[in-house]
Amino acid sequence: MKKIEAIVRLSKFDDIRDALADIGVLFFTLSDVKGFGLQKEKRVYRGSTYDPDYIARLQIDILATDDKAGEIVKTIKEAGRTGKVGDGKIIMFDIDKVYRIRNEEEDKDAI
Amino acid sequence: MKKIEAIVRLSKFDDIRDALADIGVLFFTLSDVKGFGLQKEKRVYRGSTYDPDYIARLQIDILATDDKAGEIVKTIKEAGRTGKVGDGKIIMFDIDKVYRIRNEEEDKDAI
Amino acid sequence: MKKIEAIVRLSKFDDIRDALADIGVLFFTLSDVKGFGLQKEKRVYRGSTYDPDYIARLQIDILATDDKAGEIVKTIKEAGRTGKVGDGKIIMFDIDKVYRIRNEEEDKDAI
Amino acid sequence: MIDTLLTHDNIALAGDLANRIDANTSAITETTFLSNNLWIMVAAALVFVMHLGFSALEAGFVRRKNVVNILFKNAMIIAIGLLSYWLCGFGLMYPGEAFSGSFFGFAGFGLNPGETGQTSAYGDYTYYTDFIFQAMFAATCATIVSGAVAERIKLEAFLLFSTLFVAISYPITGMWKWGYGWLDALGFYDFAGSTLVHSVGGWGALAAVMLLGPRLGKYTSKGIKPIPGHSMPMAAIGVFLLWFGWYGFNGGSVLSADPAGVSLVFVTTSLAAAAGAVGAFLTSFTLFKSHDLSMVLNGILGGLVGITAGADQMSPNEAVIVGLVAGVIIPISVVAFDKAKLDDPVGATSVHLVCGIWGTLAVGLLGSKAGMDQFINQLIGIGAVGLFTFTFAFLLFFLLKKTIGIRVHDEEEDRGLDIIEHDMSAYNL
Amino acid sequence: MIDTLLTHDNIALAGDLANRIDANTSAITETTFLSNNLWIMVAAALVFVMHLGFSALEAGFVRRKNVVNILFKNAMIIAIGLLSYWLCGFGLMYPGEAFSGSFFGFAGFGLNPGETGQTSAYGDYTYYTDFIFQAMFAATCATIVSGAVAERIKLEAFLLFSTLFVAISYPITGMWKWGYGWLDALGFYDFAGSTLVHSVGGWGALAAVMLLGPRLGKYTSKGIKPIPGHSMPMAAIGVFLLWFGWYGFNGGSVLSADPAGVSLVFVTTSLAAAAGAVGAFLTSFTLFKSHDLSMVLNGILGGLVGITAGADQMSPNEAVIVGLVAGVIIPISVVAFDKAKLDDPVGATSVHLVCGIWGTLAVGLLGSKAGMDQFINQLIGIGAVGLFTFTFAFLLFFLLKKTIGIRVHDEEEDRGLDIIEHDMSAYNL
Amino acid sequence: MIDTLLTHDNIALAGDLANRIDANTSAITETTFLSNNLWIMVAAALVFVMHLGFSALEAGFVRRKNVVNILFKNAMIIAIGLLSYWLCGFGLMYPGEAFSGSFFGFAGFGLNPGETGQTSAYGDYTYYTDFIFQAMFAATCATIVSGAVAERIKLEAFLLFSTLFVAISYPITGMWKWGYGWLDALGFYDFAGSTLVHSVGGWGALAAVMLLGPRLGKYTSKGIKPIPGHSMPMAAIGVFLLWFGWYGFNGGSVLSADPAGVSLVFVTTSLAAAAGAVGAFLTSFTLFKSHDLSMVLNGILGGLVGITAGADQMSPNEAVIVGLVAGVIIPISVVAFDKAKLDDPVGATSVHLVCGIWGTLAVGLLGSKAGMDQFINQLIGIGAVGLFTFTFAFLLFFLLKKTIGIRVHDEEEDRGLDIIEHDMSAYNL
């Protein structure tokens, strides 16, 4: 089993969610994160212009079976792309175990 | 060493924390996440009923030694269970290294 | 490739960021987390003294190539240290793949 | 001879007494003038509070990413409103007797109290009190628009629109009734502005909403996707402050501190607001099986807008009916506008336009002026003011749309107006 | 003959002058009436602001998940309060002279100003002014309960309770003193309602808290686990607004704009509030070694509640003492209620009940009415009103508990009332 | 004989009429007194609202971690302000005729209305009204300091400073002009306190900021790093409430309800605030290419502070100029203070000190008092008050710095004052 973590633009989230739904991925976990990266924003406060250093982003965590993982990555990449600096990153890594708290299902059954 | 990530109900957090304390796990990291899953909630705003898509959940991250990990998972599963859809997931995966920032302790000593 | 996750003090974040910048690490992802650990704080509300259980902390996630990872950990440890209980933890683990959403770059090129 | 002397003295004495009586009489006039004027000034300050109320309500009903923008607009509107009313609005709305019964008039730019403007000769209050009370009203109509167009309009377009709307459109239709124009001559009645202020704002909002289109993602193929406001407490605080300010809006519209008149208005205003809350509560619970705070808040406002046209003509019992009906209207109207895909984040069209129309009609149906003739006059007033205002607002927005553009790009809307137009966030660490 | 003529003329002239003097005299009466009435109306509007103050304070002192609920309750309370006072409350509280000295009376449903109600013949203000000022007070007692039962009460149960509490219980005990009932005849003194409004609300709150039980997780085996309010700024804004509104609550209770009377009340009210802050600051710092904002805010309110019974009887110096003692009481009382496991999220029982009692007793200890007799009368008043109100509230809540239930399920409480009762959140993106 | 009798009767009759006329005359005096007094009391309540305005504005402009602290300070300031003004401030500021034209005087501790203080013999309002209106002003100057020193000052040091500043420094310079001291004799003019209140607060703020140093991380080697306030809505609500309160601050400073006077002041105050918004909007957009809400909010306040010295002397057109200039000053001044590394989180020095000076000078340049002599008098007043206040504040802060310390440790500043000083957070779940 894989865990996929994608750091994406806020504005692309709806597209990504719809695209994931299209390939049958309806379950995932989302969190608010701050991305420090290439993309910069201008801020002005009381006469001083500055760069807030980070941009608000969303992190999507998806647990997936090995065979499904590639498709999920591809889907996020396509739906999340604007082509401009700041589109974000996806990582994927192996996990040992998945448990469903509700019952005794594990691993593939629990995803 | 293992990292355990559990996505749990807000309402079960206190029980889980107490249960973890009972088995000696007092240290962990918590974050607010949004769970997209089977469980749905009803919302009404200005005459339109809708589904907010997600439910607020908590993610508990615990670093544990290999021998302790199983017990932790079991504890969370028991304390976090209501039996109704939406109880959440636990994953477990291997990590290479743990460092304590305060001093030079590493790995098991740092947990 | 490695993923490094560091749980650090809010007050040390600026130092850590500057130190990371000095070694060329300008990109990372930050999130707000709550740390349950050794460090305690006193709170008083309406005549009752209590312990809020957790302390607000920041989690820094950095993707790094295997050769760079050690230096990053060292940098965070040094810049994040006060020597007092509560400085936090760093973990490191292997990841399979990194993708850049913006284009088709992968792995090292995507970091 | 002594007698004669005495009587002559008497005459002198009587003359002296008469003078002293006259002095008293005019002192009484002055002190009554002072009290009446005081009330209108206090009422003006209360109407000012409504701008805070609107700001808080609208800020509460938009998303976090557009909060600075709505506050910026509201802070500028009150400024623009006061200044443009000083520049020409007051002159357009109160052109003077010479223009009685007409469609248009102008007393000239700026303020000119003349010789007697600041004395009791001017009326129950001074010229400057008159101005400031009216000026506080003026900006209201633009604030109403502000809420309806929130989260997607370009700042410059909105500020331009507001300036012209408050400086030209509002005072012209205001003059028709309050400036003794043709609607006044006709017998149209609108005590404190259900039509002249609230519907005017509502028509402007409707025109804008039609030309702007809905917020991205509101009306999807799968149906309506509500976009909840970012802070219910802020919205609630706004509504309470509006209610508070309404005591000045309606109470001050008696244009004196007449105890019988103002106290009746306080009672009708209060009861209508309360009944509006209950009406919206029951209706929205019946329709949606939910205790929707945003509906109750709008219901209160609906009740207040509804009673505004006839606050001095209704008995307490009638005020309860007016408010109750307004409260019932609100949820139905909000849903209807949504069905028509007219996206109004704060419900300004339902509250100010629909309940404004209801309140104006109510004067023909209930209260001391009720009657067929009055009802027809009310209809004419509603229609005429609506036609003029909607046309004005529509053409102006259309012109702006074709020139500088009225709507931000989708990407900008997505990112939020706070960052795009103001380079700042409403909330920070 | 000329003389005779002249004198006859004189008589006519004198008659004329006398008429003009009479006209002046009655004009003076009217203008004084106008000003007095104006103040009571403005005071009514200020008391209205207190409902905003309560809403903000209570919203600030509850958790995020119960904010919509508390706002909904407060918006409905003011509506219900005004409407039920219109329906029967006013008639129960001011049944008329026929019921002087008695325990109960009723003037009939609805409002009936009669022939002279809207004229100066009615008093220093009109009948409608009288009604609206009193009506604004009435809802206050239910708002006080609202804060104490927050975060766990069922909405329907609360709304039912509030309606009956405001419509029946409050006016009956109010009548005992302000409606010229038996307590008034006895010599009990309660200027603006330390007992009749605040303690009444406080007794209701106490009964409710006893029957409801504490919020989940508040009193654990390991001791008290405080549940901090979600927004201190909102609570602070609420307290400032309450203080502001109190100028109407106490100042208006002079029932005229009498300069000496009202200005004294402004001073005593201000100084008591200030001293309450200082008292709570010092006491809570001494006891808890912390600068607890929530205590200082409650201390201000304690000072205000404390001075309310004798705001017109105290010198400024005495007002400082009354406020200081109230401020000292607050932290001690809050802790005592917590020790007794009576969970009151906003401190309503400490502020309104305990300081209400203190303030009422203070009239017998300090100020121009101080004395043993007065003190005993005060005790009788406190006891009688307390007994009646507590019994009424307890029985009503008990009945509701046994029928529709008064408390949400544990799971629902955990999830928060906003989602459970209102299907919405207070804060959104 | 009959004639004689008649005439004698006439005399008696005339005497009777004269008595009745006299009774009317004094009744008129009383009723005018009642109305004037009423206005000053209402104005006092409005000035009270300014403290809420300041609290909200300052809370909005600081970071989340220092919100409880700023609210705590503001709640204590109004308490301390009222109590210290009761204790000695009023006596120092209005020492009585005996001290006319002098630099210092003292009427004694506490309040002493004397025989006639609560009657019309005292003036257009009662002694207690006088006190409460003035007392509300007094605390303002400390609140101004509170914003400038936010996020880093020690609570105890600040409370000590405020107490002495309000109890001693403010009334002494206030006495120079309003207490009929030497500046009044000289011809210095400051209607409602551009200098006596706002600049005084501003000088105190400047001294404190100089001795405290900037917040950590504000001025870095890479330039200025702005520290955005945590809540723009709260700041905006604060500014609207300040504007509202200003109608009492300036309107009440007419010291009667004189219709001509107060209504002019309402108009000039409103237009200056509006022009301040526009001035700040245009200037900050020109300079920074951004629609900076915080600048527009400060611009409104700048306009209000600017008009305060001459609100009764300016025509509406002149008021617009005064406000516009103040609005233009704001962004320039804010940047200048930042360049000088004087860190003032809320812009108190720019708003209250700089615009206070501008407003005071404006009386010599515009309006009915304009002229070279007046201009010089204004300069003298600004200089004298500034010198005294700055010296007092600087020495006091210096003393505190050397004794108990005025600044929290870096670590504490980093953690936030809410946890460090109050063991609590402003926002919770």
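Should a chain be cited, it is by its letter among A, B, C, D, E and F, assigned in written order, with residues numbered from 1 in that chain.
Here, a residue touches a chain if its C-beta (ideal position, glycine included) is under 8 Å from a C-beta of that chain, and two chains touch if they have at least 3 such contacts.
Quick caveat, the model's predicted, so the values are computed rather than measured.
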Where chain A and chain E overlap in contact partners, by chain label: B, C, D, F
A correct list of chains touching both chain C and chain E reads B, F
Chain pair with the higher count of C-beta pairs in contact (A-F, B-E): A-F
Copies chain D, chain F: same or different interface, half of numbers shared as the threshold? different
Return the distance between the CA-based centres of chain A and chain B, expressed in whole Å. 19
Cα centroid separation between chain B and chain F, in whole Å? 54
Multi-chain contacts in chain B, i.e. residues touching at least two other chains, fall at 31-32, 43-45, 49, 93-94
For chain D, residue numbers touching 2 or more other chains are 3, 7, 10, 14, 17, 21, 24, 28, 31, 35, 38, 42, 228, 231, 237, 290, 292, 294, 422-425
Each pair of chains that touch: what are they? A-B, A-C, A-D, A-F, B-C, B-D, B-E, C-E, C-F, D-E, D-F, E-F
So in the complex, the part of chain F that touches chain E is made up of which residues? 2-3, 6-7, 10, 13-14, 17, 20-21, 23-24, 27-28, 30-31, 33-35, 37-38, 41-42, 44-45, 48-49, 51-52, 55-56, 59, 67-68, 71-72, 74-76, 78-83, 86, 110-111, 118-120, 125-129, 131-132, 135, 155, 231, 234, 237, 421-429
If we count contacts the way the header does, which residues on chain B are in touch with chain D in the complex? 43-50
What residues of chain F sit close enough to touch chain D in their complex? 3-4, 7, 10-11, 14, 17-18, 21, 24-25, 28, 31-32, 35-36, 38-39, 42, 46, 63-65, 228-233, 236-237, 239-241, 243-244, 247, 251, 257-260, 262-264, 266-267, 270-271, 273-278, 281, 290-294, 296-297, 300, 316-317, 320
Quick check: in the complex, which residue numbers of chain C touch chain B? 2, 6-8, 31-38, 53-54, 57, 59, 73, 76-77, 80-94
Touching residues of chain E toward chain B in the complex: what are they? 217, 411, 414-415, 419, 422-424
